[in-house]
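Structures given as structure tokens follow.
Look for chain A in each of the two complexes below; its partner is chain B in the first and chain C in the second.
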Partner chain A sequence: MCKRIQKILISLTTALVLVIPLTATVIAMVPTAQAATETPAKGNYPPDAYVIRVDGLACPYCAYGIEKEFSTLDGTRSTDVNIEQGVVVVHVKPGTDWSAQTIKQTVNDAGFTLKRVVQRPQVH
Partner chain B sequence: MTSRTLNSPVRNIAYVLTACVLPFAAWAHGPIFSFNPKTLYKGGVALEGSFNRDVADGRATNLYQLKGRYGVTGDWTVGVSAPYVDAGPATPGPLAGSGLGDVHLLNQYRFWRQDSKGIQRSATIVNDLKLDTSGSPQGTGSTDLTTGLVYGYESIHWYHWASAGYVWRGLGPDGLRRGNTTLLNLVGGWRPRMPVYGQADTVFLLGLNTEITQRTSDHGQDLANTGGTRVFLSPGLIWTDSSNSFAVRPGIQIPIYSNLNGNQPSTDYRLRVELEYHY
Partner chain C sequence: MLRRLAKSIGWIAAAAVGLGITLALIVWIAFIPSRKEPPYTLTATWGGPGNAPGQLNDPNGIAVRGNRVYVADSRNHRVQIFDRQGNYQGQIAVGTDGLKPSARPMNLNIAGGKLYVADYWNDVVQVYSLDGGAPTLIETLGSKASSPKGAHFRSPGGASALPNGDIVVADFYNQRVQILTPQGQLIHQIGKTGHKAYISGGGFNYPTDVAVNSSNGTIYVADGYNDRIQEFTPEGRFIRKWGGPFGMNIKGSFNGWFRTVTSVAVGPQGNVFAVDEENYRVQKFTPQGRFLTAFGTPSKGAGYTEEAVAVAADGTVYTTNLSTNQVQVWKPARSR
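Here is the complex of A and B:
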């Protein structure tokens, strides 16, 4: 009897775990305009942010490392990632001044490659 | 070469082994049944729980595994895993039943990486050292080392991975040495939708996994009903939630070719469901 219950639980769990991602996929396939505008378009970046081009960004789960690594730097307020453009926008507190080497090392620690720094914060 | 018939306890080892061959391999955002080149970010921690079910000749062996990983650098990840094996009571013998399996130590070093916009190519060496820690019938009683080399291509819509590995198995209890295994894997992945950071993401996978295992030997004598070649087709998917820190990876291995020595249980299917959280 106990074994039977275990089998039913295993089957239910497996079915749920398979169905949930598939359902989420269908939902996720519906385009959302809002998300695409989260990171500003090229040339229209917020003045309080570092804007950097990063190579190797291909998945959101992996890009999480970028957010985590920049969160360890003094001055970071928040980080936005645009995977399609390969752009990372790091909002910082006034007076924050990171060297190019610091930015390069931070991106490398996240497992990616710094292409170039597009913009440094314009408000100090 | 002299061959002996597989006796009952050793046959049980073969059953348990089928579920223990590859639980170490799948890490993070990558293939489910083979090696992954992806390493954790520096200082990152990943916790994973997985359920593995191996059904051979109608008999199921379940394996539950907890795994922890830590990113030493952006290219070097270490970890540890501990399995719990439920071999079921169906087959009489010392290995039937449930218990803690052997602890694994994991090492993963990405020695090459080439990044361009939306694309990452990388090559990684993977090591898994299985220690003889269990002391129960659910352990194999040996220290085993797995080494793998994996190449990965990851882009916004398409993925592919190719890997080769080898499992060296040490001398077990009572002079038993299970056969070494060669692993060859090809996996492709497809993401139907442009990924957006902060939204859920899905990648569909299809893999081809080959396992070539040598015969088990008992005091230097090969056992007849051991070893052989298995090829599996492995569909699966990776789903990550909108926090980008939680992943679910279900997959199934379906045997498409089997050439086993002597009389051995043939695999019906293998199922794996992994849950991972990283922070």
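Here is the complex of A and C:
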């Protein structure tokens, strides 16, 4: 009986010692939760803006790329990018009406993937 | 019968676990180098958010020469100049002989007495002479109006020069690195225009910066979203790559691994310093890519910290901090 317990303990200890590097490897390779933060409630967004969610934003290069692409569209006033939340807020002039395809193409041209349009401008 | 079956399954499971563990150990030993030097120590900071002289808004680039530190103050559309103690000395602003309108200066590099400013917004690289007093604009490369075909940029992230004066540009959205004559004629291109390459050397996934070893012309490229550094001869021939296992776009936070490389610089001994943005640190390597040490500023939940790096002739390291909008000064631990 005692020998069996001893065997189990040795096995468990060995497994633990060996499993730690494996676990650490897996943890280190899993991306950090940069884009997992909560998006503010819809009502908190400015009414003059398109609000879109974008996958893959990681750094100022991404933010500026998105901002630069939207600056080429008619109607754009300014663009705010929240890298951590993956949210792009494009302030537009009254009467601006972009199709879903235009938005998707603009995001694609900047090198990213459109997740969804959260809000269209509410003031015309 | 059942007992025998259970025993067999047990053996198979144990063998699978054993194999997994052995593989993990191999990865651990082969691809996770230990620290060879102590981390650098943060000795000073300056700046802060704002648009007044000395304040910064998205500092995305930094370069140092003599007693001057040049900082790309991207959202304020200017390059600010400080002395090495952080005292404001002046700026390169938007203007006829300055930056172009709406400029977004990114990584800065100094080579051969010239400052190379990559303007992400206007798709140009501007070259300033640093001899004499204030920086003087020498030329603007990459604009469609004045540059030869094939030498236009799309959001350049950084530029520098070889010892012979030829210019090297990290052409971010074009997924390439270009080597140009000082007059802007294309000599050689590394990478295929507009095509991302993830695994093999000589191709890029959004290159953000370049650095040149002034003594031998070796080119180092920050291969941004491939999470690696690539090394080339002055002629553009691929030498090696590093960052994670085999430098093949595997991200991680171990020593020598990256999560988005945004800036690269060469130190006085030829060592390579690279900003590992999403791991909130700078990593230091030998000229051949062997990991030496890492240091940085943990995030306090307000965005990324280290963004750009420069190394002075005495080995002092200067970084920009995006979350605090500051310049940071780091010294090797032994010189404290």
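Details
The rule is simple: the second predicted complex is superposed on the first by the 81 of 124 C-alpha atoms of A that agree within 3 Å, B and C clash if a C-alpha of one lies under 4 Å from a C-alpha of the other, contacts with A are read in each partner's own complex, and residues count from 1 in each chain.
Simple rule for what comes next: a contact is a pair of C-beta atoms (placed from the backbone, for glycine too) under 8 Å apart; a residue touches a chain by one contact, two chains touch by 3 or more.
If you're wondering where the values come from, they're calculated on a predicted model, not measured in any experiment.
After overlaying the two complexes on the shared chain, residue contacts for A:86 are found with chain B alone; chain C is out of touch.
Applying the stated contact rule after C-alpha superposition, one finds that A:72 touches chain B and leaves chain C untouched. The partner that reaches more residues of chain A, of the two candidates chain B and chain C, is B. Looking at the shared chain after the overlay, A:55 reaches chain B, while chain C stays out of its contact range.
In the superposition on chain A, A:108 makes contact with chain B only, while chain C stays out of contact range.
Touched by chain B in one complex and by chain C in the other are residues 18, 21-22, 24-25, 28-29, 32, 58-61, 64-65, 68, 83-84, 111 of chain A. Those residues of chain C that touch chain A in the shared complex are 17, 20-21, 24-25, 27-28, 58, 60, 74, 104, 106, 120-121, 155, 157, 172-173, 206, 208, 224-225, 250-254, 257, 259-260, 262, 277-278, 303-304, 307, 322.
If you check the complex, the residues on chain A that touch chain C are 15, 18-19, 21-22, 24-25, 28-29, 31-32, 34, 58-61, 64-65, 68, 83-84, 111.
Chain A makes touch with chain B in their complex at residues 10, 13-14, 17-18, 20-22, 24-25, 27-29, 32, 35-36, 38-39, 53, 55-69, 72, 80-84, 86, 108-113, 115. If you check the complex, the residues on chain B that touch chain A are 28-29, 38-44, 51, 53, 62, 73-75, 110, 113, 115-120, 154-156, 191-203, 237-240, 244-245, 247-248, 250, 271, 273, 278-279.
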